[in-house]
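These notes open a run of structures that come right after.
Each of the next two complexes has chain A plus one other chain: chain B in the first, chain C in the second.
Take a look at the complex of A and B:
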């Protein structure tokens, strides 16, 4: 596509012909107040917040419905356009309750931001003259609606219709008394909570995050959802309050056009809870908590005892780094290693959009690393095993074998359990259902020292390099040359 | 993030030329110095604690308290503005949904660690609901353990102000 050159204030920009002016500005990090426009939804032009001056046009124009043209000259800061923006924002705030102190959106709210930028700081309307609407409507699916805060941009309505393919949300009423309402139970076909991210103000908030934390305290990591093989890109938002432990408060989708766009499913969004709760934090032997050194010496004794038949199982829930470390570890002690099986396939989870039936995030990685996944060989080996080294696999074992378990959560049927870091506490790579290699990182710090699986196994074989990324970079490419340039 | 620029006060030549203010300050300092050194018997001494100070002004920043609404319920809505503004990071708040219909949000836990507090008053400045004040005139805080100095929500609500009005004066910051 051919490019055109245009001027916006003092910037000269080049962008593909036909692009929307607002998108060019957003892509170049220029400020352009807007409510109804969202990259993932079609331009609607209902809020009029995105007014700009275009040379040669008599009246101000909306940037979200204006394709760019060669030589276009756009102004966004002249006194008259500032006055226009101020007037439109005043209309948006005409009946707004201004209850930022109790609003979860505060800190990431478009109204607050534009108020600071173009606001009319002295109101013309007394609070007592405002029109009141419903303040706390629980729509279901973890979404709470505050009708007074709504700016009627209809992003939520359009998302539900165009993306989630349901008809749950509508605008009812007229003029100043228009409100968003749900028709029946709001489900959004399993994608309901995306409207919380889409809503530019605090009208739609999450009941799961309600009053849990102020957003400006949260630290955000760029991670990957481990809920299914899609591997939606996410933000992990966490914070430790004074004297408390580092806790995950919410997951939010992170834009990646090749994988999940701007969205994620509700199941994935809520999945963070299991990372906070009921974690395996200390080594256990026969159900009792003990020290790492004691567990390590027991484990080494078993590994060196050649009279025992040992078999290892690994699940497709680990990163490439962790899977490769398990493979190296088993090769070193000549333990047969088996991988992925049917357990994490859940056909009912799949849908037409993001969710896929494979609930494991890295089956493709397991196969790429050449770990044996044939059920026959695995079952044959398991039936003879006396000790099973279980790397988060969760298979049922015959009563004859004892399980040594490496995992993030306690296992009810294990002789020995070693705690390892969950994905929110480490970094690594995953390969998703479309064969895309993705990197995740997490910096949640538990008060107990939790090591990544690969660092823990490195300690066991006494190789410090196993804790480092450069080592895995080289090792992974060595094991699977097709990863070259994709890590 | 955008900012709202507030015009700076004190633009006159006298104000910008700080030497004149410095001169006024030194005159006071040396005035006291010479007066005291020439007549040590006349130095101002307060026999504390037998004699209590009686010159605490209304602007004095003492022990904090949490104010009440006209109906007697807690005024604080757990907005975290005070905790955010606190340079000592000594305010710990946990919020919960308020279910009595008066408001939507309130603190479940509201604690100030007075050992970390620097009594700057920024929490009071930040509060949009006039829910926290330091107008108690309490300047003496004593305890036997560090934990004695962590004031809880209940203690802060029970602390009295030294001046009328005793209720939050915020008019519908969020009604």
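Take a look at the complex of A and C:
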């Protein structure tokens, strides 16, 4: 598509012909107040907040329904357009309760933002004149609605209709008494909580996150959801209350047009809980907590004892770096290594949008690194194994073998357990169901020193380089040359 | 004044709504001849007739029909029978007294538009008229007038919302969604029903088609004025002695119509104000009404709009504040609530005027009201918003002393 050049206030910009003016402004970091427009949803033009002046047009136009043209001249700050925006915002706020101090959206709210930007008028409405609506409607699927705070932008309605295809949120009533309502119990076909992100104000909140933390305290990491092989891009929002432990409060989708657009499924979204809870934090031997040095010496003794038959199993839940470290580690001790193939396949989880049946985030990576996934060879080896090094594979073992387990959560049937960092606490790469290599990085800090699997194995073999990123970068390309340029 | 009756010719005939009586009085007589003509020639006749849409906007019908040129099939015709605006009650007379005229108009229009299916969207409250029209449709199907060889007509009842008379909201509603107007296209194009090119016309517009095609474009043009050809079913309501609908050629003096057809103002009182074309047109003072003529151009000259021709007459005893309060209560209730300025502005304006009517206005009531009207005007998805602004401004401009 050809590009056109246009002027917006003092900026000269170039963008593809026919792009929506509002998107061009947002992409270029220019301020344009808006409620109803959202990149992922079609223009709806209902809030009328995005008014701009366009030279040659009598009336102000909405930027969200204006395709750009060559030579277009747009003004957003003249006194008359500011007056227009102020007047519309005043109407928007007329029936709004203005209860920001007790609102969970405070700090992330478009109304607050625009009020500071264009508002600042005197209140012409007595509080007693406002229409009162329901303040707490539990719609279902962890989504709670405050009808008074709703600006009726219909983002939520359009999302369930056009994206989630569940059509279970609607506007009922009309005029100023319109409200958002759920048809039955709101499910959004398993994508319900996206409406909380879409809601530009504090009308839709998540009962899972509501009041848990003020948003301005949260630290956000760019990560990848490990809930299935789609690998939706996410923000990991976490925070350590003074002196307390660093805790994950929520996962939010992070835009990636090639993978998940702006969204993620609800199962993925609440999967963060397992990263906070019930973690394996210390080494255990025979069910008792012990020190790393004790565990390491036991482990080394086993590895050096050539009379024992040792087999290693690894799951597709690890990053490429961790998988590669397991591979190197096993090669060094000449331990046969097998990957899981059939594990974590859950056909009922798949849907027509983001969710896929493969619940593991890196099966493609496991295969690319050439880890043996044939079930026959694995089962034959397992039946003879005396010790199984279990890297999160979780296979059922015969009563004859002893399990040495490396994982993030306790294992009930392991002789030895070694705790490692979860993906929220480390960085790495994954290959998703569409063969896209993705990077995640997590900076959640636990009070206990949890090492990444690759760093832990590096300690065991006394290879300091194993803890470093450049080493794995080179090693991975060495193991799988097709990764060149994709890491 | 003597003139042809385009849509009300059979109104006075007993049982004119039945097929047998309608046929005895000329219905469907030239149908097969006309259906044998090439569609484009029918469109040309409609263009030549100068017919303008009678749903309030007055858009030239022929030019609108031409928007279908080159559009893929199937195409649809949708007949707007939502008639929900205060002061407008003409379409239901056609449906009550001559439903076969409408059916014949649809058949001819569908042929001209090369549409095989038509939908009639009828106001939910029009139960009686719905049943009447359905019986006529059943009769037409029974007689083979409708069906396989011509086109199919489906009658659909709305759920009772004024906004569903707005054509794109109507189509949303017909598709099964909430009746909310769609964003206007950037250049002229047809409407879209289930993604197919569609024409929406008012009941009376379509009911005018048989006359035009039977008698020719010139016969229609011979009535009315140059810019407003033909006739309209004018409605008279309010403080007149004989409220009702009267089919008249365009261009008659407003006061003459009130006198001659409406029988003058009730109780011999003086005229105070007229809302000339359905609630959404700006109110005129008696003075402005004096020289006004009932045509699109005449009403514009007088400072209002012809709209649907449904006149609301108010005598000297009327409180203009109460009248506006009453109108705004309607708009407040009927705003679909989609756009912020209309949703909130209509509600706010209504409560301000209600406060004035109760003599308890805030000190800034008038400037606030004017600001609201300014904010609603031209900043909404459909023209409901600007119409409300026009209504408010008309009252404030023409009767300032009553709002002071």
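The definition used in the following text is that the second predicted complex is superposed on the first by the 486 of 487 C-alpha atoms of A that agree within 3 Å, B and C clash if a C-alpha of one lies under 4 Å from a C-alpha of the other, contacts with A are read in each partner's own complex, and residues count from 1 in each chain.
By our rule, contacts are C-beta pairs under 8 Å (C-beta built on N, C-alpha and C of every residue); 3 or more make two chains touch, one makes a residue touch a chain.
Since we're looking at a predicted model, the values are computed, not measured.
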| item | value |
| --- | --- |
| Side-by-side fit of chain B and chain C on chain A, or clash | fit |
| Comparison of chain B and chain C by chain A residues contacted | C |
| Contacts of A:129 with chain B and chain C, given as first, second, both or neither | second |
| Which superposed partner A:235 touches (first chain B, second chain C, both, neither) | neither |
| Partner chain(s) touched by A:170 [first = chain B, second = chain C, both, neither] | second |
| Angle at chain A between chain B and chain C, C-alpha centres, nearest 10 degrees | 90 |
| Contacts of A:486 with chain B and chain C, given as first, second, both or neither | neither |
| First (chain B), second (chain C), both or neither touched by A:409 | neither |
| Chain B versus chain C as contact partner of A:243, first or second or both or neither | first |
| Smallest distance from any CA atom of chain C to any CA atom of chain B, in Å, after fitting | 21 |
| Common interface positions of chain A, toward chain B and toward chain C | none |
| Of chain B, residues touching chain A in the complex | 1-4, 77-81, 84, 89, 92, 94-97, 103-105, 128-129, 172-175 |
| Residues on chain C engaged by chain A in the complex (per definition of touch) | 161, 163, 178, 183, 186, 332-341, 343-348, 351, 362, 364, 368, 371-372, 374-375, 378-381 |
| Residue ranges of chain A in contact with chain C within the complex | 43-49, 51, 59-60, 65, 67, 84, 87-88, 90-92, 94-95, 124-126, 129, 131, 151-152, 154, 170-171, 173-178 |
| Residues of chain A defined as touching chain B within the complex | 31, 97-102, 106, 113, 116-117, 121, 127, 135-136, 210-212, 214, 216-217, 241-243 |
